[in-house]
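Below is one structure; the comments refer to it alone.
Labels for the chains are A, B and C, by order of writing; each one numbers its residues from 1.
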Amino acid sequence: MSRLDSKIPEGPLAEKWTKHKNSIDLVNPANKRNIDVIVVGTGLAGGSAAATLAELGYNVKTFCYQDSPRRAHSIAAQGGINAAKNYQGDGDSTYRLFYDTVKGGDYRSREANVYRLAEVSGNIIDQCVAQGVPFAREYGGLLDNRSFGGVLVSRTFYAKGQTGQQLLLGAYAAMNRQINRGKIKPFNRHEMLDVVLVDGKARGIIARDLVTGEIERHAAHAVVLATGGYGNVFFLSTNAMGSNVTAAWKAHRRGAFFANPCFTQIHPTCIPVSGEHQSKLTLMSESLRNDGRIWVPKKIEDARAIREGKKKPTQLSEEERDYYLERRYPAFGNLVPRDVASRAAKERCDAGFGVNKTGEAVYLDFEAAIMRYGREKALTEHIQDPSEELIREFGEKVIENKYGNLFQMYEKIVDQNPYKTPMMIYPAVHYTMGGLWVDYNLQTTIEGCYATGEANYSDHGANRLGASALMQGLADGYFVLPYTIGDYLSNDIRTGPISTNTPEFEEAEKNVTHRIEKLMSGSGKHSVDHYHKKLGKIMWNKCGMSRNAQGLSEAIEEIAQLRKDFWANVKVPGTSKGVNQELEKAGRVSDFLELGELFAKDALQRAESCGGHFREESVEQSGEQKGEALRDDENFKYVSAWEYKGEPKDAALHKEDLVFKNIELKTRSYK
Amino acid sequence: MKLTLKIWRQENAAAKGGIQSYPIDGIEGDMSFLEMLDVLNEQLISKGDDPVVFDHDCREGICGSCSLQINGEPHGPDRLITTCQLHMRMFKDGDTITIEPFRAAAFPVIKDLMVDRTAFDRIQQAGGYISVNTSGNTIDANAIPVNKEDADESFNAATCIGCGACVAACKNASAMLFTAAKVSQFALLPQGKVEAATRVLNMVEQMDKEGFGNCTNTGACEVECPKGISLENIARMNREYLSASLKG
Amino acid sequence: MTSSSIARKFAMALSGLFLVLFLGQHFTINLTSVIAPDTFNNWSHFMGTNFLVQAVLQPVLIFGVVFHFIMGFILELQNRRARNVGYASYKGSANASWASRNMIISGLVILAFLVLHFIDFWIPELNIKYLQGDMSGLLESGGGYRYHEELVHKFESHLRVIAYVIAFVLLAIHLWHGFASSFQSVGFNNKYSKGLTSFAKVYAIVIPVGFIFIALYHHINHLIH
């Protein structure tokens, strides 16, 4: 018997959200003034939720570990945000966006949630333009679109390679307006370390002031967790250094189920690892695959020569190159979804065709695009028989206009000019589709505790399409949560202020201080990073782009062992008073060490390949799809939601069966 | 390579700080500047010393967390980058590198190289927004056409990451470029024009209240800005401010 | 008007632009001392005795000068306060010109020069005209206006000429940054700015060099004769 009630409204798919909005309870404006909401995390999901809730009249407290809400990691999203506006008239619609997202997610997401997401997507763009987000425009003054992986329409709105930044600054501006009005109280440089339950309801949090080191109690009528993903469990990822699972994990420990932890997105276009000292990986936007062609040498000798520095990629003729995505997936070519592109790169590199020193890189080549754009431009300028140099000059200009900041970023890191020589890229951990289980209202299994954005599991199934994370974060924060949370809070209009002077807060605070003391009292053998790197290696090797039962079982053992070692021997210098960045890291890594194990356990039980989760045991054995991932709808058409039971290995599995009434389950083919 | 690091150490806001010298070895050109500091911190931790505290997060030049005055320049000697994008190949074996926090009365030191930049937040709170409700009941996005040039220029101003390099570079610790970038972003868009006058007046008032210095047009901010935000924005803000003041 | 940083900056720019204009006018008259001493005398007499110039323009000019200096000092003090703890290592040359970073130094030299200039010319003028009541502007010997001869006489001294040259070099540096930057301060930065900036830079060199030329001309003339 499952305790999971997804609360999906009845009725036809396209009417569910409207009907739901019409039927849920509202809180009158006078009563909203008496209700407090805590929002943890100030990225797109948290920032937008905080601003909207404050605007509605609730008293909002926001928490972020950064020194300003504007620095949340949504800021790093590059390529764009999807919306079913159909401005290009290329056949886009709400249904198509819904369909693409469900298919892209390999049929492991909830139909109703995804449809709602597609439904409100257009509003997001309207909203952001009204807020002054400077999206890219065409010469006629209207908004421009680009295309992204896994879809056949152009529905991605963008602001050069800094779309996340612009959207986040929009949400931050909306927050600032409410801060100025006194409706939001921001607690920056604060980290949430526990959620407090009173009578089974989330009624507050315990947070540590990262400047003074003080442990604080904060009460509210509801708690929203918008704390992002847990990609940093791999140590190396494109996440910010501080991105962590702590808030979500604390909620999990208090009763929130953790869903699909093994669904991780490994992004195909990142800058390859350069050495042991590497602290983080840098993404090169997926939008680059619009114009870049991915290849490795056809002959293994050439790959070897390139690795040894004896040959340059530009010396290889067209015939000597293997554009393996175009070869394997002629319909989508370089724009296959991320999971497919990543696995294909790994396959080539594992086969010995990698092109950098470590053998873990493939080329992303703009030569063809530069020449194509250059010729187009020469044509529009009415230049007869333009020279190759002129074409190249024109073409490079066009490319610079589109991706200038990305090319500059690449050159600074790799010290090679990507206009002249192809970029080198390799997959890296980027996003986690898994997260806290939520119902249709975005409420976790703890009453009054909500999860939005990447922190929840809801919309992307087993693989997220490009430019959909921004869409989901803002949809949750601006348009979904503010409605659904009202339904819950309407029961709290007579509750009055929540006191922090209760045994529940006392217990939670003690729990936090005790854990900090324990972290500070390790034997002092190894630094926090030592453990984090070790965990990352286990995760990458055994729970990475391809997984098998044996590796996963080993990972479970190894992580448990590492966790034990961590608690006995970690070294956290200094004291818990004042700024102590090692202590902050230690707390986060201690939670990753638990999550990692659950991650492996989840991957082990899901003996199918779907989306970003590729099990070597589950591949197509024959036919056109031979070697591609094999999904098993008969046995695994569910969300795995884990209940905390002490050690991660003892976690109890609950299954939410996924019902597909509007979409036919098909083998995902991009051929 | 082998380097000597001279780093500002300061226990907390109230304590008196000073420069301390640290030799470091085995640094490779492919490391970022922050990865070099990671190496130093690992060494300090293993010796039982307190690691150097510095702000950093995304490490790809967009969050604006990292700061650091490196050899007398914010974000070091390279251009159009943040400290996290500065690579050690910019230095040579045997170099001495002085690392200090961004200095301004409005950016008090919290610890070591970490400073408090919330003054920037307060400037934004004073008016760095367009007062529309986030309910989504707005007109269609394409109902507001925006001239591409204005949109592009607005975007260029909006790329400010709020790192504070402009303040750190300016001999007067002025925050004009930061404030001007936000004022410009909105002043260039039709949506932002409605509140343009009150916005610029309020933001400048807050900027002055925070204790930043006056702009003397040295142009250091523009040179050191990791996003290359143009001085034209400051001229635009001056214009906006003067016309707003005249309107009264 | 001086309540905000931008207003102060605007006021600095306006008073500066006014002084720049005055400088051009002063230079034009002085130049006639080289090419046409009579014209110089006539102009000097006109300027020294015309009611409008003396009672209206002169106080405005004095106000402009005093305002520009006082405001300059206030700004400098505020700016120093804005960085209460200095850098151990500060590489100003990496991102800004010496002229722009040291307006207070060039400004102080110009101020010192002005003191000298007032002692040299202005105070004696006031003495003759208003204390002694001699508004004729004529030489005691009766050989026409006295202004040119006084000017020539002043430039006989080596020390004065050296001080003059140094002061005008610093003035050039001050104008090099100040003139062009005043356009930015008043909000003028567009496609015309490049041309205007070039003009300002040329002006910043030509006028001070011209003043130096006049001083050297009279000095060398004296040495030859």
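Here, a residue touches a chain if its C-beta (ideal position, glycine included) is under 8 Å from a C-beta of that chain, and two chains touch if they have at least 3 such contacts.
Keep in mind the model is a prediction, meaning the values are calculated, not measured.
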Q) What chain lies closest to the overall centre, CA atoms only? A) B
Q.
Counting C-beta pairs in contact, which chain pair has more, B-C or A-B?
A. A-B
Q) Taking each chain's centre as its mean C-alpha position, how far apart are subunit A and subunit C in Å? A) 63
Q.
Quick check: how many Å separate the C-alpha centres of subunit B and subunit C?
A. 38
Q. Just how far, in Å, is the C-alpha centre of subunit B from the one of subunit A?
A. 26
Q | Complex contact set, residues of subunit A against subunit B | A | 48, 51-52, 55, 66-73, 75-76, 85, 87, 120, 123-132, 134-143, 159-160, 162, 164-166, 169, 172-174, 176-177, 179-180, 186, 188, 211, 238, 240-242, 274-275, 277-280, 282-283, 408-409, 412-413, 415, 478-479, 524, 527, 529, 571, 573-574, 578-579, 581-582
Q) In their shared complex, at which residues does subunit B touch subunit C? A) 6, 8, 19, 69, 71-73, 77, 98, 100, 103-106, 109, 169, 171-174, 176, 204-205, 207-208, 211-220, 223-224, 231-232, 234-242, 245
Q: In the complex, go through subunit B and note every residue touching subunit A.
A: 11-12, 28-32, 34-35, 38-39, 42, 44-46, 48-51, 53, 55-65, 78, 80-81, 85, 87, 89, 110-111, 114, 116-118, 120-121, 124-136, 138-142, 144-148, 151-152, 154-155, 158-159, 161-162, 185-186, 189, 191-192
**Q.** Complex interface listing, subunit C residues touching subunit B
**A.** 4-10, 75, 78-79, 81-92, 94-97, 100-101, 103, 177, 181, 183-190
